[in-house]
Structures are given as structure tokens and as C-alpha cells.
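Could you have a look at this structure, given as C-alpha cells, before my questions?
The chains carry the letters A, B and C, assigned in the order they are written, with residues numbered from 1 in each.
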Amino acid sequence: MRSALQRLGLTAVVLVVLYALWEGFKWFGEATAFRLGTFEVNDRTLPHVHDIVGQLFEPSRRNGPLLIEVLGDATLFTAKEAAVGFLMGAVFGFAIGVVLAHSRLLQRGFMPYIVASQTVPILAIAPMVVIWLGGRGLPDWFSVSVIAAYLTFFPVTINTLRGLHAVDRRALDLMRSYAGGAWPILWKLRVPASMPYLFSALKVSATASVVGAIIGELPASIQSGLGGAILNFNQYYATSPASLWATNLIAALLGIAFFLAVVGAEKLVVRRAPENVA
Amino acid sequence: MKRVREWAPAVVVFLLGIAAWEGGTRGLNVEKFLLPPLSDILRTLWEESDTLWGAGFFTFKEALGGFVIGCSLAILAALVLARWKRLGGALMPYMIAANAIPIIAFAPITNNWFGLLNPLSKMVIAAVLCFFPVLVNMLRGLTSVRPSSIELMRSYAAGEVEIFRRVRIPNSLPYLFSALKVATVLAMIGAIVGDYFGGSQEALGIQIRRSAGIFAFDEAWAAIMVASVLGIAFYAAVALAERLTMGWHPSAHGAQAD
Amino acid sequence: MSGITAVVALRNVGKHFGEGGVVALEDIDLDVRPRDFISLIGPSGCGKSTLLRIIADLIQPTSGDVVVNGKPARQARLDRDYGIVFQDAVLYDWRTVGRNIELPLEMLGWDRKRRQERMREMVELVELSGFEKHHPWQLSGGMQQRVSIARALSFSPPLLLMDEPFGALDEMTRERLNGELLRIWDGTGSTIVFVTHSIAEAVFLSTRVVVMSPRPGRIQGIVDVDLPQPRTQATREQTRYAELIREVRRLLRLGGGLDVEEDHVEETLIVAEEGL
């Protein structure tokens, strides 16, 4: 309990420091006419923090709903895309990992490409995927989920593979001596042992799926999500910079929320799984 | 003979893959929407090579700039935070959380700051994307030194600076390079995908979007190939630097790493 | 304060961790004479590793005086009057065996020629000639420890501190290294303080065995080992050897506990104290 309170206190301190740095830099930049290329510090490029937060409670357009309502809906929409994508990618990635772990041949055949694909900017194909799936009659948001799934799948596969192989040799031999077949060994031994690796990948994937969802919305011209909101408020940046900033703030919180959700899940799952399987 | 057995399956998959690509797209008349035949893509790549590679290098410069800025700042920050261990340890969870923020979503803002056409706006995105992973990993590397190693140094009356120089920094190199390799990918993504929010006509991301938008998928895929080649080359360059600096590491010799 | 003839003089040394916390050591009085081979032995939690680190000035005592080589422990550390060997060899992977041994010499500012000469001497001493260009991971555990010893002695310190250096090795390697250590001790004329949890090892190696009692750690008794030098495998078969082992056991039992298992509590306290 005490550490939870400490954590909360520390978070508050960090937020205050960030606030101070922001406002401090803003004051400094405006006072000294700081320049970097065409960048100058003023209310348009760097709105006050209270303006940004305050903007959330202003109407998003004349006589329209409050910004925070609009963004709330957009967040839920994007979150759904990201979550569906995350789940699909995680399940698929895990399954592929399990298959590859059991077949040396398949592993040798496919691993180089799986690893190499990590170096390719996958997100670059987002436009193509969206247009293709859209043409097939699937709802727009689903194609965004597919992109999110794609970003999730690779880290999960690679880490599942590493985790399943990271079992202590002795534990494996012990299981075999109990005449355990491949399936019991898998579930009772390898899977629990691979949990830390799996969650390590899921934490990366959590962020990737949110990024994938936001970016995926752009070529699909989806209005209802955060990606669409960003594009929208980007157009009105000159008149209302705080709106775009507020949107980004909400997007940042979404990313962090997904991440914390996985961290929370890890605490639950890893506690139940055996600590040391040897 | 063993070597061949290691590589053969991958080569087989590669050849099968190409065959399936070419045969499948032509034979089954798969819509050109997803995947034009490989030969078409290669042809487009050849015909448009000037534009595509020009765009590629324009984007690569943005990525490289961001990579250099982001990684340098991260290394400096890691050195500082390793010196004041309490601060570093306390801030670690926040840095990890900060890494969960979709930085690319800030591209429109940097576009507004530096101008849509200015490479600096994408460089900043790439730099921020590189910053946290490199910082977190390098900090881990600097601080995960065995206590007995530090005690040994103290027995030699070594001061903090010497301990950094002789122990912490060499210890952190594997962690650092691991993060730098990831950072090359992130920087490329930052540069290319940042363009999806708008950018110079010369940039690869814009090319991809535009081509996809007018359904010229040959061009779009050709541009993606350019992006992949550059991405792999970037990654390989860092991997090479790693090999050169860390030739001593057990993993390079196939032995069990600590 | 007698410090002239003793290499290490401990007077009334005590150590407790934290406010009113664990009392690791109490009332330690000990003189280590030149060319002594002192073993510190005791059950888990008796503070032997802590005591070694106090002599090394890696931990500060909460009471008492520590004089090493005629100076306060801190000065002795700054003057590099001792070499130290830990249970794990702590060799740096990015340096070859030879460069690992040269490390303290580099830090002392010796020039290359002198360093390499001394390095070759040390490599011969520990019988690892031919391995100078190897990397630590290519060596077995026993060989790594020999490198660690070579490094510790490279700058010829009058005192050698050893914290269960052979603890992680198998019985046969350990016995062999025991013999080698005695040979090195004889050859270099150094004074050694040796922490161990093996009674046999303590009796075989030492001129005196200091038996400690569990928390709070005190000196339960000191056994003079009057076995003849040089000691060999034959020594292990002498009746006197077995008698001395019995005597050490008796003192351990008196102190309250014959449990000589590894205890990591002490280790974590040491680490926490030094803010490592």
C-alpha cells in the first residue's frame, strides 16, 4: 500500500516538473525570441498547458459538443480498433511461435524473413492494406485492426520462440522422465517459462497497435477515430492550436493506458504462473 | 555440410516465395490491388529508379538525422542518470511509459513548427522515437554491473569517473547496440510514416501514399522496396559497427554469453 | 596501538546495519602477523565476509579501529596495500587474460613494457602460460580464478584478501588450487586473510584458523595450525590434520551452529549499504 502511495506521489512530482519545464521553456522562448529555423515560441506553437487542458472543455466547433466528448468517442473508436488488432496479432503471433518452436525445419526456413521484416517499415504498407480490405467489403475499422495486428504479430512471434526455447534443460528432462508428451510439456512447462518474454513483447505491441490504429485511419479517411481527429484539428491549427494539442494529449494517454493494461495483466498472470519451474 | 543444412530451408522458402508471388499474382489473377506481380514491381523500380531512389535518400537523410540526434541525446542522458543512480532508478518507469506514447501522432505539430516541407519536422519525430528506447537500454547497461566488479574497482582506489570508463561503459555496449539496431527501424518509420501527415513531394512516404491513392500499386510497392532496402542497409551498418567494436563479445564467437 | 608488527590489527571492531538493525559483528580483536595465512570460518551470518570487507575498507565499521599495514584501512586502500579475490572471478570479458591481469598496473600508471613483463611473471606463477591472449569465457572456472589471483598479486601487495575464492569450484579443482595457492604464498611471501566455509580447506591452508560464531558475529576461538610446511596431499592423511579439524568443529558447535550453508542475507546487506 505504501509503495502505491509513493508511486502516486512520485507521478505527481514528475507531472509538476514537466509542467514547470513546459511553461518555463515557453516563458524563456518568448522572452528571448528563441528561433530554430522557422520555429518560434508563441501561443500558436506552444500553447499554455492550461489552455490545452481547458480546450477540452470548450465546444469542438461552433455550437457543437465539447471537445472532450468528441475525443472520448474518437478514443473509444480507435481503442476498439487497436484492441481487436492487438488480440488478433497476439493470438496469431503466439500460435506461429508455438508451431515454429516445434519444427526446426520451418524455423530455419522462415526465421530469417521474420527477423528481416523487423527492419522494414511495415507501417508503410498501411495504405495498401486499407484499400485492399476496404475493397473486399470489410468495414473500414477492421482493416485498421489488421494493420495493428500486423504490428503486434512479429514481436510476439519472435519472443514466443525465444521464451519457449528458454526452458531449463533439467526441467525439460524431468518432464520427459514423467513420460510427458509434447502437449503437457508445452502447457505445463514451456508456456509458463515463456511468459516473461511474451509479456515483454506484448508491452511493445500494446504501443504498436495504438500507433498502427491511428496511422491506419489516415489512408482509410476514417473520421471517427483519433487519427481522423488529428487530421481534422490539424486543418484548424491556425485558429485553434490547443485543439490539436489536446487531441495529441488524449492519444498519448491512450497509448499509456494500453501499456499499463498489459503491465497490469502481467502482474496477474505471472503471479499465478510458477516462478521457477526448475 | 552442416552449414548448407542451416541455410537451405531459408533459401528454399525464398525461392518458393518468389515463385508463389509471381505465379500466384499472374496465374490466379489476384487483383492488382494488393500485390502486383514481382516482375511488374521490379520493372517499375527500374523505370522510375531516379525518382524512387532520390526520394529514398531524401527520406533516409531525415531518418539518419533523427537517429543521430535522438541517440546522442539518449546516450548523454543515460550517462547522467547512471551517475545519479537514485534519480535514474526512480525515473525508469516513467521513461518506459513515455515510450508508450504514439509519437508519430505529433507529426502534424512538428509540421506546424518547422513547416511541412522542412526535413527538420520529420527528423524531430524520428529523434524522439529513438530517444527513449536507447536511453532505457543504455541506462540498464550502465547500471547492471555486478557489485563485486565495483568492489574490485574500489579496492584499486578508483574514482567514479574511472569506474565509468573501465567498467560501466564497456559493460553497456551490448545493450547500447541492441537498442541502436531497434532505433534504425524506428527512425525509418518516423521519417516515412511521418510523411503520411503531409510532407515534401520528394519524400518516400508521400510517394507511397500518392501512388496508393491513385491505385498505381506497382509504384507504391516499388517505393516500399526502396524503403526496405534502405532500412535493411541502415540496420546492417549498425550491426557491422557492433561487430567491429565488440569483436570480443562471446556471442560473436558462438559461445554462451553471460 | 600496535600496528608495527601486525599487517592487520583489529581492535574492538563492530558493525551493525541500519538504525538498531542487524548486528553483524561485535567485539572483534585480531592481529594478523606478516606471512600469516589466516582463515575466517563460521556458519552463515557470522559476518566473515563483512569482516573481510571492513579490512578492505569496502565497508566502514560502526565501532573500533582497523589498522592495515600500519595505516587506517582507508589509507591502505588508497595506497593499494592489498589485493582482493572474490568468489566470482570478476574478469572483464572485453579484455584478454593478459590485459585483465594488467588492469591494476594500468591504473597505477605503469608503462607498457613494465606491465607486460610483470604480467608474464604472474601468468607463469599461476601456471597459465600460453593463455595470455585468451578471453575469460574461454577458460574454465578454476582457470578464471587463477587469473583473478594473478591480477590480485600483480602489484605485489603485502596483503591478499580472499572471499571464498574456490567456493564455486568442484572438489578436485579446489584441492588442486589449494596446493597452488600455498605454493604462491610461499613464493611471494605475502600475508593472506582467507574466508571459507570449508573446515578442511581452512585447516589445510592456514597457519591459524579464526572460528566465528553466528549473529552477532564474534570470534569464538583461534586454532593454531601446527602442521609442517610445505603442505601436500600427504598432509591430509596425518592424524594431526584430523585432530585439528575436530577442534575447529568443536569451536563451531560451541558458537552455536554447524550450519555452514551459504547465506545471502549478509550479502544483500553489504550491497545495500554501499548503495551499489
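Criterion: contacts are C-beta pairs under 8 Å (C-beta built on N, C-alpha and C of every residue); 3 or more make two chains touch, one makes a residue touch a chain.
For clarity, every value in this text was computed on a predicted model and none was experimentally measured.
Ranking every chain by how far its Cα centroid lies from the centroid of chain A, the top place goes to C.
Counting C-beta pairs in contact, the chain pair with the largest number is A-B. Central chain by Cα centroid: B, whose mean Cα position is closest to the mean of all protein Cα atoms. Inter-chain spacing, taken between the CA centroids of chain A and chain B, is 17 Å. The geometric centre of chain B is 48 Å away from that of chain C, both derived from CA atoms.
Distance from the chain A centre to the chain C centre is 52 Å, each centre being the mean of its Cα atoms. Remark: chain A residues 7, 10-11, 14, 36-39, 44-45, 105-106, 108-113, 116, 118-128, 131-132, 135, 203, 206-207, 210-211, 214-215, 218-219, 226-227, 230-231, 234, 237, 241, 244-245, 248, 251-252, 254-256, 258-260 touch chain B in the complex.
Remark: chain C residues 53, 56, 58, 77-80, 82-84, 86-88, 90, 92-95, 103-104, 107, 135, 137-138, 270-271, 274-276 touch chain B in the complex. Taken together, the chain B residues at the contact with chain C in this complex read 85, 146-152, 154-158, 162, 166-167, 170, 173, 246, 248-250, 255-256, 258. Chain B makes touch with chain A in their complex at residues 6-10, 12-14, 17, 31, 33-34, 90-91, 93-94, 97, 99-102, 104-106, 108-109, 111-115, 118, 120, 184-185, 188-189, 192-193, 196-197, 204-205, 208-209, 212-213, 215, 217, 220-221, 223-224, 227-228, 231-232, 234-235.
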